[in-house]
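Multiple structures follow.
Look for subunit A in each of the two complexes below; its partner is subunit B in the first and subunit C in the second.
Up next, the complex of A and B:
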């Protein structure tokens, strides 16, 4: 079984934010929630680089480990998903997540953050595939339609790769060889310690 | 064969022309730099910078658009799912076991001279109200808090995931709103009782004799509150304020920076080098951890308090129940307080309605 992974090639990302926009539009994500964001390091200085980041669908995911109601699950593709009907909006996954992936519709109103929302790798959620309920809570189930995450699909510079982890790393390895230098696969050391699934 | 020869000839030609070109470049070098860009080769310095770059990100460097990796999340997860839950469970279990053991050995501490048939007022209505606001809110907060820590392992297997989630949502709202009642109760008892809780010389004697807790017939003199009660009072105030503050930070996330300030203060006093610049998420992580630690300390102390106020000691619950305690009980446990009331002529003895039957049979005045 394929192990799905994201990879953002920092040498290619031009901070166009198309991935962020595509994600918001495809899933009709509520105001204030960004499942994907672009971070620019050393902005305006030499060596400036941008990276697009969302949930990395970690192996041994911290969110899953700390959730007090056990609302997370990892599907056969290694994608970390959660059940919004079980989520109590306690914020623990947000404290534990290294990538700042979990989002809440109401972050400052005390006691009521609302149900946590995060990137689903376009794999929907626990509701019936392609149902209205699934779309409303989790967004489009592109994986169920045989497609890959839209953010990576429509990345203009192909900086953001998403798909079978082996293929993704093969493409990246080729680029590194061609460039003569490489920065490693961003975030992979944190998300997949030991390279595992 | 001819093809090979032709190829060799072409190669020779190429090499020869290259030599000519180099010679021409060499001749031009003195006058002008026309070498063009250097051949592309792995730049070692660039590679070094590169690994520094990624190292910094791993250490939490922030850019425009926020932080990329906060590795403390993993530390927090390991701490919470590891030692924090382990020691919380151990502390809770140990306290219950200790109290059970104490009960087995010491049994219920009886009023030595029996019910007197007379009661005096120990806590007036406002005092009791403050106590019960604090007590009821504390029990609700304690149970709903423990649900976050252990519900997944204890309650969820019993009631199923869906039911457990429903309970936990309710529990979370209760926890968030009842917190304000707790803060109110805490302030209330602090104001009501601080004047009686300053340490006094008799407290040393009380502590030396462990309050007579472990020896029958020993009743070291005490004012309104004995040294043990004073210790409970101050522990409740310290842990209660600490829990309230860290709870406040959790109720209003990313709006406080109490830990950075506290660390700065500790650094100044003790000379440690705790980090004084914390990100919002680090503040939140510290707040959850500290909230949990202080809560379990308070729960353990209060378990002992509940024990001695109910099954552990005859006549003690009346103080917070009706507010009126048996005279013999008062003389045994708070002799100096009764003396003071007597000299002030504020004793206000009233016949005991509930314990008359016992009193008639066994009552004898305490000395």
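Up next, the complex of A and C:
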């Protein structure tokens, strides 16, 4: 059984934003909503490091725990998805999320939030696979097509890896061995404590 | 890990159910490696192949057949494959092109966003002209007729040279070739493209050192490097996918990554050694490194003795660059210089990479030659892992340069001499007299035209001072942003003074809005490269063939069609397209490829037939990711994209040349030596030394298998006869050679390719075998010298490192000393430099019109060091004026109003602006002046508005990497 994970190797990420535009491209995400973004630490100084961040599809996801309408579900691959028809845009998940993943389209001048939007690991949503409704609400369902998330597939330096956690770790491990050190697997300890499945 | 299985069927809604059904299926090992995202490391290969896998869903079939079209990204020169999913003529998806050895599926922000073409909301949609200040729609026929009539009337009144044809690095090879041919048939050399202002100093400097002016190795070959030295380049932003290859060397070879740049770039953030130096002091820096190399005897003496001429004269100059002097001029600490020199000497082979930071200077040609000399001294040339890896900018700037969409040469760098014109007339199948008759006279036909960097002077300069009959009256911007050229206010005056301004582009560009005119402006919508087909040359000299992804959007037309319509109107279409099939005004580009295959002998663009290129694209997966060589399969033995020189005819089946000047392989298999381009002997006043390679060591003095076993001059028919090799020519080859010039026919003018074939059969490079020359006696500074920028803050270094004397160049008066003599450093104390952002490209009109990219960079900015900002009372986010010193006539300089970004990325005393913005001009927002619906999402000031005068002493490259400015709160 696959357990889907993302890994961003901070030794390789060059903040080129390919993951961001690949996501926009694949899912036609509107201006103002970023399911994935690149964060740079110590910008312009020695020690500058960038990491690409989106929903990490945590093992025991805080968003699921706090959602008052229980709109989240985690599929058998470990991908955390949600049902936009149930979402009330309360924003609790945003506060709970350690990665700042949930996004809300601005819908009115009074700041009410629209339905939460976030990375789906390119796995669509609860609607029928590959239906128009699924595409409009959640974007393309690449997993259903046998493909991996486009952000990771298009990463310019293969810093962002996405797929079966075991294989992602295997790849990263080999990279670390070649490199002789490893500090780049940003956020893994937090998202997948104890290896997580 | 998911992977694709061919022949599978779409199953179950969720991955988990898919997995359960398919666990016993066959595994495509290569697909697995690619999908793992780590094929590049090679190490992943041995790791577990799990049995979890999923078939590619075929749910698409429900909505109509999904086709995959293969194209190449249109942004930088890495040449990333774009896989487009097209359904019913609509571009609905983009997939990673894992088979490409260049990008292995990877893209940067721009490449990952090219499908925005499917929307194209902000494109120019139909031909339009400015009538009394209003954009008015018109038909293609009317547009071509009106523009054509005006051009013909200007030709009548002011001569052919009054029209300027500004072409593009965005043309594919066929279009670039046609464009160059078009202004030849019009009868002028006043044409150019972006290469003038990006790597012209590289091409001139490098070609004059060892023969060809191009990247010597490849992005992939960097996998073999034991050290990587980058100067004046920020590939993490300008060529992000190249970092895939650099980081592989860094991680797996433990190769030190040395970044020399005035700015702590995103690339510097990945460096093992970052060298910050003052803009415009590259020669001093390189000589400073060489000082340690010579001092410690770290140079490769064997290599120099066999393959380099003039190193002794370099040594004399380098001797002056003691660590103290280098620190004084560049600001780099003495200890760091020694460390860098030692690192380069101890980690061989190392590669040297440079970009615009090195080229855009008044002594840019000195910089590029100094970099070459460093590599020659280290013996890093002509070997895998070494070389000068010059990263070109646009997707086809290498190709457009090779086809010489330039003001000083004919395709293939043949020059403008009478013999060159005769060669091309033979290829074009027109008489020399016909072509000569198109020009005003033979003198103008053989004299360099005005370069793009100076077109404004062609308009504004007093007619009496220009070496042509009249000023420029019409300007045709064909895929070229005006905000990439300096001196904004003067450019605006020039645009206003023109009789006609024509823009041919998918987007309006800043040329459509900054001219301050009420009429005489035409905008013609061109298609992009995703709406046509043809070949494109990546930075490593490999050619790739693009398929048409979608039909031209709106009323746009591909460049070749627009050129045909215009040529027809101007009366030379029949001659120009004599060898090309034309349907509905659209020339068939495969015929154009075949035509240039028949003429580009100098640089070996002759073996790359459309058929061979298409075969490579279809079999990308058979090429090795490091050597680029096909291992088995239909292209067995070929190098990917047949990197030029791909000698002889396509039938000869030369595999291309992966690394230039590498004698470890036979020429027939991609080996080479330095070109004998400068005669066999140095001029007497330079000592009269032998220039051919010395010694008789196979693989060093000459390529493996060379039967002459020595240096030799370039091949002519007479030489073949003398060697007794003429019998190897076929009767057809012999007849073709005799028809050109008999015994005087050489490897460049032989239209049969026979001379090249026979030379290579005997293991010889057709272009001879000589030493590289470290001293270019034909240039203003034969030994590269440090010269202060025209606008220098270091008056204390004058006159020791003063600039050149004023001179006449490229038909125009060109100022040096008369500008540098003025001290602007008091009123304009900050050094201004410029560069790229990853999200945008070039003048930025296309990328700023793409919402997925535009959202990421919404404001034009200037980077200011915190110390300078605090001293000027500027806070983060403040609007500031960046003001340029007075222009060359003493008039007020340009100024731009931009946001302040306070950062230590730049040193105190240095400011940086990105050059992709446009649409604001000296504080004014020009959005209302765009044609309705064609304004880019993001506008901003163009950095070049406030960039100043200053042009390279050989090529007229503009000096945008080191000038002065004053920054004050707006």
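Following the convention adopted for this analysis, the second predicted complex is superposed on the first by the 191 of 197 C-alpha atoms of A that agree within 3 Å, B and C clash if a C-alpha of one lies under 4 Å from a C-alpha of the other, contacts with A are read in each partner's own complex, and residues count from 1 in each chain.
What we mean here is this: a contact is a pair of C-beta atoms (placed from the backbone, for glycine too) under 8 Å apart; a residue touches a chain by one contact, two chains touch by 3 or more.
Remember, predicted model here, so these are calculated numbers, not experimental data.
J.: With both complexes superposed on chain A, which partner does A:153 reach: first (subunit B), second (subunit C), both or neither?
T.: After superposition on chain A, A:153 lies in contact with subunit C alone.
J.: For subunit A, which side has the bigger count of touched residues, subunit B or subunit C?
T.: The larger set of subunit A residues in touch belongs to C.
J.: Touch test for A:85: subunit B only (first), subunit C only (second), both, or neither?
T.: First partner only.
J.: Which holds for A:43: it touches subunit B only (first), subunit C only (second), both, or neither?
T.: The answer is both, since A:43 touches subunit B and subunit C.
J.: Should A:128 be classified as contacting the first partner (subunit B), the second (subunit C), both, or neither?
T.: The answer is second: A:128 touches subunit C but not subunit B.
J.: Taking the superposition as given, does A:163 touch the first partner, subunit B, the second, subunit C, both, or neither?
T.: second
J.: State which residues of subunit A lie in both footprints, the one left by subunit B and the one left by subunit C.
T.: Residues 43, 49, 180, which sit in both footprints.
J.: Along subunit B, where are the residues that touch subunit A in the complex?
T.: Going by the criterion above, the answer is residues 40-43, 46-47, 49-50, 53-54, 57-58, 61, 63-71, 73-74, 76-77, 80-81, 147-149, 151-152, 156, 161-162, 164-165, 168-169, 172-173, 176-177, 250-255, 281, 284-285, 288.
J.: Write out the stretch or stretches of subunit C touching subunit A in their complex.
T.: 1-5, 8, 10, 13-16, 18-19, 35-38, 40-41, 43-44, 47-48, 50, 52, 54-57, 59-60, 62, 93-96, 104-113, 115-116, 236-237, 240-241, 243-244, 247, 251-252, 254, 264, 266-267, 269-270, 274, 838-839, 851-853, 855-856, 863, 903-905
J.: Under the definition above, what is the set of subunit A residues touching subunit B in their complex?
T.: Against subunit B, subunit A makes touches at 37-43, 47, 49, 51, 53, 62, 65-71, 85-92, 94-100, 107-108, 110-111, 180-181, 183-184, 186-187, 189-190.
J.: Which residues, counting only subunit A, touch subunit C once they are in their complex?
T.: Subunit A residues touching subunit C: 1-2, 4, 11-12, 14-22, 24-26, 31-32, 43-46, 48-50, 75-77, 123, 128-130, 140, 143-148, 150, 152-158, 160-164, 166-168, 170-171, 174-175, 177-180.
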